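So that you can tell them apart, the chains are marked A, B, C, D and E in the order they are listed, and the count of residues begins at 1 in each.
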Amino acid sequence: MIALVDLFSLAAIGAGVFFFFAGTVGLLRFPDSLTRLHALAKADNLGLGLVALGLLPRADTALAALKLIVIWALVLLSGASTAQLIGRALRRGRK
Amino acid sequence: MMAPDPTTPGGSLLVLAILLPCAGIILSFVLGGRNAERVALGLTPFGFALACAIAFHVASAGKPVVYALGGLAPPLGIALRADGVSAVMLVAAAVILTAASFYARAKFATPEGAPESRIALTFWIMLQAIWAALTIIFVGGDLFNLYVALELLTFAAVPLVCIDGRPETLAAALRYLLFALFGSISYLLGVALFYGAYGTLDIPLLAQKVQSTPIVWMAAALMTGGLLAKTALFPLHLWLPPAHANAPAAASAVLSGLVVKGSFFLTLRLWFYVLPALPAAGAANILGALGSAAIIVGSVLALRQARLKLLIAYSTVAQIGYLFLVFPLAMGAHVWSDIGWSAGVMQILAHAFAKAAMFLSAGLLAEALGHDQIARLGGAARALPMTFLTLGLGGLSLMGLPPSGGFSAKWLMLQASVASGQWVWTLPVLAGGLLAAGYVYRILTPALSEGDIVLKAPPKRSREAIALGLALIALALGFAPQGFFDLLEIGRPLAAGTLR
Amino acid sequence: MSPWVLAGLVGAALVGLGLYGLILHPHPLRKLLAFNLIGSGVFLVFGIVARRGAAAGFSFDPIPQAMVITGIVVAFAASALAVALILRLHAESGRVTLDPEAWTKPDDGAAKS
Amino acid sequence: MSVLPFLDVALALLIVGLAVWTIAARVLFASVVGYVAYGLLLALVWVRLYAPDVALTEAAVGSGVTGVLLITAGKRLGAARAGEAGPAPGLAQKLFAGALALLVAGALAAVILILPDPAPSLAPQAAAAADGPGAGLGNPITAVLISYRSFDTMLEKVVLILAVLGVWSVGADKAWGAAPAPLGQRNPYGASVFLAQMLAPVGAVIGVHIFWVGADAPGGAFQGGALLAAMWMIAMMARITEPPRIDARRLRLALVAGPAVFLIAGLAGPLMAGSFFAFPHAFAKPIILFIEAFMLLSIAVALPALVAGPPSGRSE
Amino acid sequence: MNEPLLAAAGLIILTVAIGLIRILRGPDDVDRLMAVQLLGTGGIAALLLTAYATGVPGVDDVALGLALLAAFATMAFVNLLETDDDETELGETEP
């Protein structure tokens, strides 16, 4: 039973690492700021989300689990909003 | 486990002396407007009284007054400790700060019913902050607590430099800030190493433990380097002249007379109280050599200045140099090191009073004439006799002519050099005196010459009297009785943590 | 190599780098950044001192750690004051140079007291 | 063989690399961004040094609020010409600075390697004192800050007041009393407003939570206050609220609340527990939490005030 | 089970570190800022992973703080971009 939980953790965290990797590649390889923004916004949110998901079964207390979820939610919110802010700013004046 | 509480009778005075200006800062900030000035001026007599009471306690007990905050003995708690030198410095600071406060009313007073102004609020609060910071520096017994005090001093002094808001003063303040920040962080790194080596930052406890190890030398070097930058010892003096010459006169007097002495005082604390056990003759000679260079370079540059306030500021660079001769002249436990010690403290005091008096006079002069160009002072002495009397008397002390505190200091330095066989230090002392004579005459000669001078407004008598009073104190120091020098020895460790 | 040794070496490197930048950069904001590097290097030294002092059931000595917290706040306050000065200097004069020579005007003798 | 050492080494190399970039970057703003990234990584190092309290402070103050301060300054000065700050340093100067920096760094590294073993520590005394005049707090760092070294902490709050006044005093005479310039643009983006509306309440709860657990777990007035300060700044950036006038009595009261309450409690020490800055053992914890609550307020107000800058003539 | 967590943390740090090349390369300030944003998210993930692996108390609160501040720098930056358009309001204190 324990092993199954571990397996789930590993799978989720591994997938998370992959998304971080993908995000970085996008940030480096994509041709212009807007596409790079696209890569970043999708990838790092999913990456962190999967890591948090993988850690969730390992949380000792409900509060610890709640913190994981809140952290993810906060980053998701920030990521989405800043992506929009940067996107608008980019469209308005190339800077 | 817990050490006994080392608090002595009168110890609570130390806490009150620090908390009084802190409370003043808080009250001034909240009440604002004219109240800031009222609070600052209203607290000066109490601050002065507390300083005198502490000095009285130290002198009558013949040993340091101590207070352990929170009833917790060091190393866990913080102790405050006033010895003979602290007591003298507290009183001197109280006198100069009080004088500067009353002198500054003419410029920084808020008229009845007027709204709060930027310069007034800043000036009165920062003046109290300088008082608080210096008090902690003089009585602090814990190296980290002293770091906080150093920062307090920086944050108080920098805005005073640029209080008039001109770009050149902003640049000077910024330079000063960067030097001061470098100084504090370097000091703090030394503190970290001391803690890492001995697990305490209490000065007497450290003094018992320190040994001549690389860690201790590194810590000492870092702290000294930082403090030198703050004290503006040559070659780290570049920030001082523009900063001190551009501040308003009352602030310049406090900055030049007292604030640089704060970091110098900590240098003394470090070498004579924390590290008396170290074989530091080499370090002392380096400091003495830098001091000598400062005397020569500062004096020569003072000779070349066209503006009176810049001349006085460069003279500070030179006079700071003298202070550092105390390291070779008072190091170790010798017959002559007592003389060297007395000389050093006397130089701090004489310069503090003389320089404060001169900056205040220079301020009066600039207000009366509308400029402070030395070349255009012709006839000014007849128009402003009292101001020039003050400048002359202050100059007397800077030159080291009798009877004055400056004379005592330099005479004692010569004595200590001769008695210790370190003849080489007599050269900068004598050369510095000659050069000082040069720059003081540069002020007085044109002023005493014939010339037509138009006064924009005659200075107020009371302000002239304040400056003159400080100059007279600098003179009176030359007549200090033996009891005064005995006071300076109270609580001074001789070597390896032995208390006198 | 234990983590604290590594952190200590990083701290030393940061102090060195910051010192280099502080001396060399003419721009005051760059000097401020360099100062902040020195600051964090110094705090790291406190950090390893604290970590090494683990004893009596504590995994660190709380006193140096508390000092770092005080230090970080003071360093921020210093940065804020410096930034305010730099921005004001820039707004007033359009320049940010610290060179005192640059500020000596052909002296008209109009000294402010 | 554990992975941890590799993690540590990677972190160390990254930090030094970013520090080098901060110093070496040609463009001012690139250097500033490098520094912000550096601050983030530093928080991880503090966790590795078993210092979550410091990590939180570093994340919030050292990286977060400082980052905003520097980015603002860097962006405003970025347009300035490169050479205007002064001539580029010559080779001799570079060699001198390099040699000095190497000397100091090398000596420091050598000295750190020979720190005494076993290390001296006040941890046992702090533990013993927790039952005595100390606090009975689970978080020893809070105990140090508010009890054993309370004097330092109070003075540091006074330093903050001076810093705020110093920043204000840089402003123009005629602007005195007015509010600092707004932190955000005139018509903030919808996304900004949305973000601030979502983030600020959650952040306020988290800030107070971190303050509250600070008595017994990592956290406290500094960390909680810094987070609250950041939330207030976010709200000001979205123009949900504006920087207050600097002559507002309430603002000034909030700024001095921490040091004032601390000072009064310290002065009352002799009546309560026989010594200045001592707290009676039975009531130590509530008194400390009471003082901390006001410190939280002062920090939460002081940090944004420091970033917002001097009063501006425009906002009358 | 702790070693894989640490390994994942190390991988994430390395990945986002490579992304930092964007700070060096730019070309725009926005690109630099995106790299910092990625570093922030990756830092939170690595922090959570090490926290669960090493069991140092209080680390999840650090991650919470970082998550809360994820959008902070970017928001300040985007705000400043607009000042190019309306200098009048956000100019210096001087007329």
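Everything below uses one rule, namely that a residue touches a chain if its C-beta (ideal position, glycine included) is under 8 Å from a C-beta of that chain, and two chains touch if they have at least 3 such contacts.
Computed from a predicted structure; not experimentally measured.
Novice: How short can a path of touching chains from chain A to chain C be, counted in steps?
Specialist: Minimum number of steps from chain A to chain C: 2.
Novice: Which contact partners do chain B and chain D have in common?
Specialist: Intersection of chain B and chain D contact lists gives C.
Novice: Taking all protein C-alpha atoms shown, work out their mean, then name the chain whose own C-alpha mean is nearest to it.
Specialist: Checking distances from each chain centre to the full centroid gives C.
Novice: Determine which two chains are connected by the greatest number of contacting C-beta pairs.
Specialist: Pair with the most C-beta pairs in contact: C-D.
Novice: State, to the nearest whole Å, the distance from the C-alpha centre of chain A to the C-alpha centre of chain E.
Specialist: Using C-alpha averages as centres, the distance is 12 Å.
Novice: Taking each chain's centre as the mean position of its Cα atoms, how many Å separate chain B from chain E?
Specialist: Centres of chain B and chain E (C-alpha means) sit 46 Å apart.
Novice: What whole-Å value do you get for the distance between chain C and chain E if each is reduced to the mean of its CA atoms?
Specialist: Once rounded, the distance between the two centres reads 22 Å.
Novice: Could you tell me the distance, in whole angstrom, between the mean C-alpha positions of chain A and chain B?
Specialist: 57
Novice: Please output the residue numbers of chain E that touch at least 2 other chains, ranges allowed.
Specialist: Residue numbers touching two or more other chains: 29, 33, 35, 56, 61, 64, 68, 71, 75, 78, 82, 85, 92-94.
Novice: What positions in chain D touch 2 or more of the other chains?
Specialist: 4, 48, 50, 53, 72, 76, 108, 112, 115, 119-122, 124, 126, 148-149, 152, 156, 159, 163, 166, 170-172, 189, 192, 195, 199, 202, 206, 309-310
Novice: Would you pick out the residues of chain B that each touch at least 2 other chains?
Specialist: 76, 144, 148, 151, 155, 158-159, 162, 165, 170, 189, 193, 195-196, 199
Novice: Hey, which residues of chain D end up touching chain C in the complex?
Specialist: It comes out as residues 4-5, 8-9, 12, 15-16, 19-20, 22-23, 28, 31-32, 35, 38-39, 42, 45-46, 48-51, 53-54, 57-58, 61-62, 65-66, 69-70, 72-74, 76-77, 80, 84-89, 93-94, 96-98, 100-102, 104-106, 108-109, 112-113, 115, 119-124, 126-127, 140-141, 143-145, 148-149, 152-153, 156, 159-160, 163, 166-167, 170-171, 222, 299, 303, 306-307, 309-310.
Novice: Chain D touches which residues of chain E in the complex?
Specialist: Within the complex, chain E contacts chain D at residues 3, 6-7, 9-10, 13-14, 17, 20, 23-24, 26, 29, 32-33, 35-36, 39-40, 43, 46-47, 50-51, 54, 56-59, 61-62, 64-66, 68-69, 71-73, 75-80, 82-83, 85-86, 89-95.
Novice: Spell out the part of chain D that touches chain B in their complex, as residue ranges.
Specialist: 107-108, 110-112, 114-116, 119-122, 124-126, 128-129, 132-133, 147-152, 154-156, 158-159, 161-163, 165-166, 168-173, 176-177, 247, 249, 252-253, 255-256, 259-260, 263, 266-267, 269-270, 273-279
Novice: How about chain C: which of its residues touch chain B in the complex?
Specialist: So the residues of chain C touching chain B come out as 15, 22, 28, 31-32, 35, 38-39, 41-42, 45-46, 48-49, 52-53, 61, 63-64, 67, 70-71, 74-75, 77-78, 81-82, 85-86, 88-89, 92-93, 95, 97-98, 100, 102-105, 107, 109-113.
Novice: Using the touch rule from the top, collect the residues of chain D that touch chain E in their complex.
Specialist: 2-4, 6-7, 10-11, 14, 18, 21, 25, 27, 29-30, 33-34, 36-37, 40-41, 43-44, 47-48, 50, 52-53, 55-56, 59-60, 63-64, 67-68, 71-72, 75-76, 78, 171-172, 175, 181-186, 188-189, 192, 195, 199, 202-203, 206, 210, 213, 217-219, 223, 227, 230-231, 233-234, 237-238, 309-314
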